Each structure stands twice: as C-alpha cells, then as structure tokens.
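You will see chain A twice below: alongside chain B first, and alongside chain C after that.
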Partner chain A sequence: MLKYAIKRILMVPILLLLVALFIFILLNLSEADPVLLMLPQEYTQADYDAMAAKFGLDKPLIVQYFNWVVKSVQGDMGISYKTKGPVADDVVFRIPISLKLAFITTLIMVVIGIPLGVMCAVKQYTAFDSIINILAKFMGSIPGFWLGLMLLIEFSINRRWFPIYGIGTVKHWVLPVFTLLLPFLANYVRQVRSAMLDCIRQDYVRTARSKGAKESRVIFREALKNALLPIITLTGGIFATMIGGAVLVEKVFAIPGVGFKIVEAINTRDIPTLLACTMILAVFTIIVQLVIDLSYALVDPRIRGTFATKKKSRRSRIKKVEEVR
Partner chain B sequence: MAVSADASVVTTQKKLKRNSQSREVWERLKSRPTSMIALFGVLILIFVAIFADLLIPYEVAIRQVAANKLLPPGTPGHLLGTDHFGRDMLARIIHGARTALLIGVTSAGASLLISTILACLCAMFGGWVDNIIMRVIDVISCIPGLVVALAICAALGNGIPQLIVALTFSGLPMHTKMVRSVALRVSQMDYIESAVALGGSPGYIMYRHLFPNLTSIMIINGTAQVSINIMMGATLGFIGLGIKAPTPEWGTMLAEGLNFMLRNQYMVLIPGLILAISALLINTLGDSLRDAFDPQLKGRA
Partner chain C sequence: MSNKILEIKNLSVQYTTDKIVSHAVNNIDLSIEKGEVLGLVGETGAGKTTTALAIMGLLPRYISTVTGEINFKGENLIGLNEKKYRSIRGSQISMIFQDPMTSLNPVFKVGEQIGDVIKFHNRKLHSHEIADKVDEILNLVGIPPDRKNEYPHQFSGGMKQRVMIAIAIACNPDLLIADEPTTALDVTIQAQVIKMMRALQKDLGSSVLLITHDLGIVANFCDKVAIMYAGEIVEAGTLEDIFDKSRDHHPYTVGLFGSLPNILERTDRLEPIKGLTPHPSELPEGCKFHPRCPHCMPICQAGDNPAKATSGTHVIQCHLFNKEKSL
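Showing the complex of A and B:
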C-alpha cells in the first residue's frame, strides 16, 4: 500500500511537467507572433529585440519551457502580455472563487443526487424512476451556458430577483450554482442509480433480506454502504471537472474565477496567463484524482491486493501449500 | 469441390448471422416508441442539414437588410424574426444545422476512428506500446476537454477545419480509454488466440477480428460524441473562437444575441432551444441504440 502511494505521488510532478510541455507546445503552434501583438504600429528592429528579450521569447522553445518550469516552481509564473504585470498577481486570487463555486455545487449535488438516485434504484421501473430518468435526459441535453443566459434573462433582467453579475452576496451565487448544477446532477442521479442497482442485486443483500432485516436497514446499511465507493469516485471526478467546466458559467455570470480569465486570455492571446490558468486546472484535476485513487486503495481491500508485490505473494502461497502438506 | 462447398456454407452462415444481428438490433429499436421518435427527429435534422439550400437559399441567411432589424418571431416573411443585421433567423437556424452537423459528425467520427486504432494497438501489442499510448492519454486527460479545445482553437485560429481538429482532439482521451477497455476484453477471447496461433498478422487480426467486435461500442459512443461535439462547437462559437463571421452557426448566433438581450430576447432563446432539442434527440437515439445493442444493459446509465 505504502509503495503504491509513494509511486502514485511521485508520478504527480512528472505528470505536471508533461502537461505543461503539452500546453506549451500547443499554445506555440499559433502563427501569430506575440511580440508583434505587443508592439505599437511603428517599431524598429531594436524595439522588437528588446521586447522579445524582456519576455524571453528570443530563445528557442525548449529553453523557454525550461525557464518557465524553473520560474514557476519558485512561484513566478511569468509576465502577462496584456497587463505587463506578473501573472501570479492576476490569477492566484481567482483560485478560491472557482473552488468555492465548484465546492458549493458539488455539495448540493450530493445532497440532492444521492437520495434521488437511491430512490430510483429502489423503485426501479416505476413511474417515479421513469420520470426522473426522462428529466435527467432533458437536463443533460441543455447547453449549460444557454441555460445560464435564460435564467439571467428571466430572473435577473425581467424579474430583478437576482443581481446580473458579481460575487458579493449569497444572492449572487444562486443562479451560477444552479446553472452549473443542473447538467451534472442529471448525470449524477443516473450514475448513483446504476451503482445502487449493482449492489442491490448482490448476494449479501438477499441474505440480509432473508434474515428478516428491515428494508431501510437493507437499503442503507448493506446496499448503499457498498455502493458508496463508486459514488465517491464519481463525485470526486465531477468536482474536478466542475473546476474546469465552470469556464462558461463564469463567463456568463461574470464571476472572476480562473475560467473567466481563461476566456479573457484566449481572446487577448495572452499566453503566459492562459498557461498559468490551464496549469491550475490541471493541478486540481491531478490532485483530486490522486486523492480518489489513494482513498480507494485504502478502503477497498481488493484494490490493495492487486498492488501487493507479486513475487512475495507467490512465495508465501507456495510456503502455505508446503505447510499444508 | 468439397473445399468450395465448405466455403460457401461458411459465407452463407456469416451472412445469416450478420443479417440477424443487425435485424435483431433494428427489431429492438422498433419496439420502443421513444427510440423511433428520436430516430425520426434525427433523420429530419440530417435532412434539413443536407438539403438546407433547397429549403432556403444560403443567400437569405447572410443577406443584411437594414430596414428589417430585430423583427420579432411571427413577422410575415420572417417566421422566426430577424437579427440585428436584418438577417432571417429561420434561414440562419437551418443553415446553422448544416454547420453544426458537419462539425459534430466529422469530429466525432475522426476522434472515434483514431481512438479505436490506438485502442486496438494497445490491446494487440500490449507492453510498451500500450504504456506509451496510455501515458500520453493520461497527460491529455489531466486538462479538461473544453480547455484543450479552447487552447487548440486559440492556437490554430478561427474556421471550420480548425474547429474540427480541436473537437477531435478533445474527445480523444475518453474514447481511447473506453474502447481500450473493451478491446482488451475482446483480445483475451479464444478466437483471437487461435487467430494468432494460426499465424495471422497483427494487422489482419485487428481488421478481421478485433474491429468488428468494437462496432457496437463505436456506434454508441459515436452517437453520444456527436451531440457533445455539437454542444462544444456551439460553446466555442459562443466564446468567439468558432467560425468566421457570416457563416451561420448556433453558438455565434447566441453570442450575437447577447448584445441585444435587453431589446430582443428571441435572438438568444431560439438558437439555444434548437441546440437543446437537437442534443436531446441525438442523446435519446444514443441511449436507444445502447439498449438495442446490449439488452442486458437496458435501463442502466
């Protein structure tokens, strides 16, 4: 187990380096010269060279990459092409905002989604199940950003119930959270349902029933407890997706999070900022995935078993056989 | 003589079996009204996309008439009203369907084809081939799909081919993982082993034995991916990264409508509604196909 954990944790920096390299190459595919974008209409070769040197763009790509890695490890994520100030100043304060949006939404999703999913599984093929299923299908097909716009028009512009943009009060968060929640919730309920159905058909549930356990005990103690593992994985995965998936919601509701900055950076071709924002999203995705994998291995003995060293186990098995003989 | 007779028996059996499987799927599909409604809807969508020019000339969709600015739906001659340049909304929606389907279908098809080939390579060769492909996929899947598409679009610029490349790429990690898991299971089967034992080349086995067994998951995933990609294409258009200006595209129409939200809300309402309905139809068809291909999975997400 410890070996698996160490191996898994050691993978993280390597993965991050590769992700950074990937984004670096991707963003530099553009034919537009960032130096030209920053220079005024009239410029001399000297101006060009000075500007290129200032942003380190005069060096080959691979050197730029290594410089970026070395600097960003020290917390310096480069200078924005747009604001000409350090990228970190413009990005770091956005992280808690995006996290807050994703966290609140995930929390509400769990609180609503698990009971609904369990109900669906228990009442499989009844009217309730079908209605939830159809609703989930509808919600899953609505483009999130459009839903946000419609809510904004109806409740903020027409009815003036909620403010149009900003993040000051609780009221500001109602529509964005709802917009982000709905498409994910649809998928979540269906997944919880199928995880529950998997467990409800297991032998130990039948055994519990045949022992005469109360139905509520069978559902919650036997089935749900076992279904929780895949559900936790799913929830973590959705939380990670939400941090990145909120890009559009942040844009529509003008929430100054990481996603909002990504759209802005793309429109202004501000590569250092874009790189920093994308890396932040990647870091969160990787961390959440790591936590899920490790906790999964911690809880589920079957997984722990697969990571036990094979040679050892075979030898011990032979030993056991010999002992029996 | 005997050999040729055997061969003909084998081919007729093969034909019978192939017919019966597709017929079985079709029968199951036919037995559920929702499936048929979804299929019918998707066929209409495809029809509209292909024959857009016959329904309304393309010229109408981009002609700007200053006198007809921001007409509400139901105006004579403009069933769905007009936008801020006086362009007919219905014509733009219809020609937008062509753009949307073109982007959705080609990008989903391309990413499915590439990922299936990658998955087959993983399953056939295993070892370091599998390792390298999967580690690259791991790296890409650390970045949210939308952000990958955004970055590619930002790097390559606006236009339909660029958009297709971006969407193809963003769908790649998920598909490769999914198809690989099925391909790995198939490659453990006895008939693959016997094909290897008989000396079949990897390419032949992949084409003849592995690929046919992946068609059902490819059709199911592909249908779902078409709707995801249409949605994501519209999203990119909405951000302003999609397609160059005069081409009608649903996401761009939404973004344009945003500026006139206070005066004419239909410009935002209509393209989004059409987008949602198309996605719903394609998603429902995808679910029905999954149920039809694999009745054991029926009703499970």
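Showing the complex of A and C:
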C-alpha cells in the first residue's frame, strides 16, 4: 500500500512536465506572434529583436520550454506580456480564493447531496423520489451565469441582503457558492441515487437483512460503503472542475480567482499568465486524482488487496524455492 | 403437533409489476418438524426461492402480496411487525443464499460479517466474547479462525459458502433455509459443503428447508421431499415415498427422474420433460402441468386444480390418482 502511494506520488512531477510541454506546444501553435502584440504599431526590426530577446522568444521552442521549467521550479513563472510584472505576483494570491470557493461548495454539495441521494434511492418510485428527481432536473438545467445575475438583482440590488461583489465577509460568499452549487448539486443527487440503487439491489444487502439488521444499518453501512467508490470519484472530479471551472461565477460576482484570470489571459494572449494558471489547475487536478486513488484503497479492500497479494506471492515464491532446496 | 417448527398453510405469493400479476406461489402447504430436513425440489421459476423469502419476510415490499399462514413455532409470521420479525431473522430462522460470490459484502471483513449477526441478537455481549464465538463458529465450518480478518475476495467459492453457513448457524437457528446452497459451486466442493451441512444439522438439531433441483443431494440429505411445479406442490412425501419407483408418482416427478442419466440402462438420449415451465403470469387453466403431461386427460385441461390424493405420508395432486376420477 505504501509502495503504491509512493509510486503514485513520484508520478506527479513527471505528469506535470508532460502537461506543461503539451500546453507549451499548443499555445505556440497559435498564429498570433506575442512579440508583435507587445510592440507599438510602428516598430523596426531592431525593436522586434530586442523585445523577443527580452522575453526569450528568440530561442527555439524546446529551449524556451526548458528555461520555463527551470525557472518555474524556482518559483519564477515568467513576466506577464500584459502587466510586464512577474506572473507569480498576479496569480499566486488567487489560488486560495478559488480553492476556498471550490472547497466550500463541494463540502455543502456532499453534506446535502449524499443524504438526499440515498433517501431517493431508498424511496425509489415514491412521491419524494419523483419530486426530488424533477427538481434536480430543473435545477440542473438552469445556466449558472443567469442564476447568478438573477440572484444578484433580487438579493443584492433589490433587497440589499448581500453585497454585490467582493470577497471580504461570509455574506460575500453566500450568493457565489449558491450559484456554483445548484447545478452541481442537482447532478450529484442523481448520481448518488443511481450509485445507491446499484448497491441496494445487491445480494449482500439481502444477506444483511436476513441477518436481522436494522434497515438504517443495511442502508447506511452495508450499501453506502459500497456505493462510496463511484461517489468519491464523482466528488473529486467535481472539486477539480470547480477550481478552474467557476469562471462564470467568478466573473458575475467579480471574485478574483484563477478562472477569472484565465479568461483575461486568453483575451490578451498573455501566454506566461495563461501557462501559470493552467499549470496551477493541472497541479490541483493531479493532487485531487491522487487523493481519490488513495482513498479508493481505503474504502475497498479489493483494491488494497491487489497490492498486498503481489508482495505475498513473492514471499511465498521465495518460500517455495527454499523448500525445493 | 407441537413438534412442528414450521407449518405453512395455503400460502400464496403474487408479484404485481406494471399491472402484470405473476402468481409465483399458489396455495401451498408445507410442514417441517423439529430436526427434520425437507427438500423442496423444482425447476427454475417454480417458486422455491419466493417461498423461502416469504418465510424470511424478505419479499420486495411494494410489489408482492402474501396470503395464507406461515406458522413458525405456533406464531403466524405473515403481518408480523418489522421489529419482531427482525429479532427472528438471523437468530431463529436463517438463510443460506444461492450465490456465495455476491452474497457476502465485499467491503467488510469476514469475521465482522459473522460477528454482526451475533451482535444483532445478543446486544449485551462484549466484543471479545463475540470474537471468541466467531472463532468457534469458524472452526465449526472448517475455516481456520485466523482468516477472520480477511475479506471475501480472498476466499474461494467453497470457502465463501462456508462463511455464509457460519453466518446462518451463528445463533443456533431453529430453522435453516438453504436456497440451492451448492448450485454455484463445483462438484467436489458441493460434496464437501453438503457433508458439512449434514454434520452440522445433526449436531445442532436444526430443521432445514433445503431448496434444490439436484435430486442426488435430496437423496443424500433429506427426510421429506416436496416437488414444486409452477408455484404448486404437486407431490410430497417421505424420501421413500418419492424415490421408490414402484409407487405412484405425479407425471412431473416421473419426468424429473426420467431426465436423470441412468447408469444401468444404455440410452442414446436423455428424456427431458417436453416444453417449458409456464410463466407465472400466464398459468394454464386446470392442472398447471397439463400442457406438458404425457397422461393429459380432458378433465385436466379445465376447472380447478386436481384434488390431492393422499395415502399415508404421500400426497399427489393429480387426476390420475383421484379415487373418483371421471375419465
């Protein structure tokens, strides 16, 4: 198990290098010449060369990549084409903001979504299940930006319950979290329900009942623990998506997160900033994935077993060899 | 009378799904005495498992209707409140399921799954007392107790079935329902499991309802046999009543035995019963077996079920043996 964890952690830097290379190449495939973008309308060849040299753009792509990797490892993410200041200064402070938004939203989603999904599965085909299902479908189809704007108009402008933008107090977070939460929650409840339905129909659930277990125990212990695997995958995936994918919500509520910056960087073709933001998202996605994989092993002994048996079989092989001797 | 552990009277079970009514079990009578092994034999879809689940009170609630009486130690289980039923399940009546591969929960340790059933019914026991009991039961079913911290996927099929049996006998039940306990196992393991079950049954003195379609196991293990067809018991009696070829038998029973290979007679082909078991939503009129019966008479094709012809312990539900048969 430990070996597996270490192996997975060692994979992280290699994955990141590959992701960086991929993004690097993709960004440089675009027609736009960043040097031209930064130069004034009228320029000489000398100006061009000087600008290119200043940002290291005169070197071959692979050299640029290596330079970027070496500098990034040291914490220097390059100079923004737009602000002409260090990219790191503009990006690093955004990470906790985006993380906070994603984390709070995911937490609420799990706390509400799992019990609701389980209830739906247990009460399948009843009025409760149908109502939640219809509500979920309805909520799931509301576009986030529209919902955000409507909430802003009603609760911030008309009723003045919440501030319009910013991130200072708890009140600032209510509307953005709600806007981000609703569509994800709707989908989440439906997925939890179907994961639970799969498990409720299994033979071992019948065995548990035949042992005289209470219904609550049958559902929340025997069935839910088996349903957790797909639920963990789903939750982790949504969390990773939220970190970078809350662009619209960040835009509507003017939250200075990473997603907000990505859109800005794309619009201004600010490649160093874009690279930095993308890499941050990649780092978090990979970390989340790692956590998911490791927690699989915690929940499911069969996955743990695949690592344990390998070791055991080697030991028994040695034993056999010794016996033969 | 008082010796009867289980007495089923006029039990019927219907499933209703999408307005289609399936008559899975129709007016069956069964009784098992203390320490007795009753074999319930029949084809797939004859209603054997439904009967077992009805006794356990584990039929899917919203789609099934149960009528009749299931008297367990003198108490009717039908309509019993859930809390009381729960205290009976696992402790006084327990069940071994058909497929040990899927019947154990993959994410809990085997010892824990056995310990649970003890814990449910003996709330006052300490955890170390439960652990001791688990060790004892594992020994009983032939599993080394140090394997109790392993998970089901680390066990073979036969070992898993032993674990299932351990769960079932953990609380010394009065009645053990074994639903095709060996169907999913290979033949050598089947023999082991049956041998072990027989030894345990003798030791513990439990009554057993053995559901199977394997007549060999029935001959080995059972005291009484009931043959089930299309939700009805068409023939019932002691082992001798059913297996003695010189006596009268229901044509379906004859067909069942006829489809077994015989070592003494050389035949090119086995003789299966022609046709298929009717679907429980489309049962034929009259005797349910008449479309497949080689002795079908006009009287068989309409009206109610044939009356039961009884001689001693032997009961046959067929017009052929009815005293007042009108040909």
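Note that in this section the second predicted complex is superposed on the first by the 295 of 325 C-alpha atoms of A that agree within 3 Å, B and C clash if a C-alpha of one lies under 4 Å from a C-alpha of the other, contacts with A are read in each partner's own complex, and residues count from 1 in each chain.
Here is the rule we go by: contacts are C-beta pairs under 8 Å (C-beta built on N, C-alpha and C of every residue); 3 or more make two chains touch, one makes a residue touch a chain.
Quick caveat, the model's predicted, so the values are computed rather than measured.
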| item | value |
| --- | --- |
| Combined model on chain A where chain B meets chain C, clash or fit | fit |
| First, second, both or neither for A:E250, with chain B first and chain C second | neither |
| Touching partner for A:D90 - first (chain B), second (chain C), both, neither | neither |
| Angle, in degrees and to the nearest 10, that opens at chain A between the C-alpha centres of chain B and chain C | 80 |
| More chain A residues in contact - chain B or chain C | B |
| Contacts of A:I23 with chain B and chain C, given as first, second, both or neither | first |
| Chain B versus chain C as contact partner of A:Y125, first or second or both or neither | both |
| Touching partner for A:N226 - first (chain B), second (chain C), both, neither | second |
| Chain C versus chain B - closest C-alpha approach in the superposed model, Å | 13 |
| Those residues of chain A which chain B touches in one complex and chain C touches in the other | 125 |
| Residues of chain A touching chain B in the complex | 15, 18-19, 22-23, 26-31, 124-125, 133, 137-138, 140-143, 145-146, 149-150, 153, 157, 187, 190-191, 193-194, 197, 241, 243-245, 247-248, 251, 262-263, 266-267, 269, 274, 278, 281-282, 285-286 |
| Chain A-facing residues of chain C, complex | 56, 58, 62, 82, 86-91, 94-95, 97, 99, 102-109, 116-117, 120-121, 151, 153-154, 164, 167 |
| Contacting residues of chain B [partner chain A, same complex] | 138-140, 142-144, 146-148, 150-157, 227, 231, 234-235, 238-241, 254, 258, 261-262, 265, 268-269, 272, 275-277, 279-280, 283-284, 287, 299-301 |
| Residues of chain A touching chain C in the complex | 125, 202-204, 206-215, 222, 225-226, 299-302, 305 |
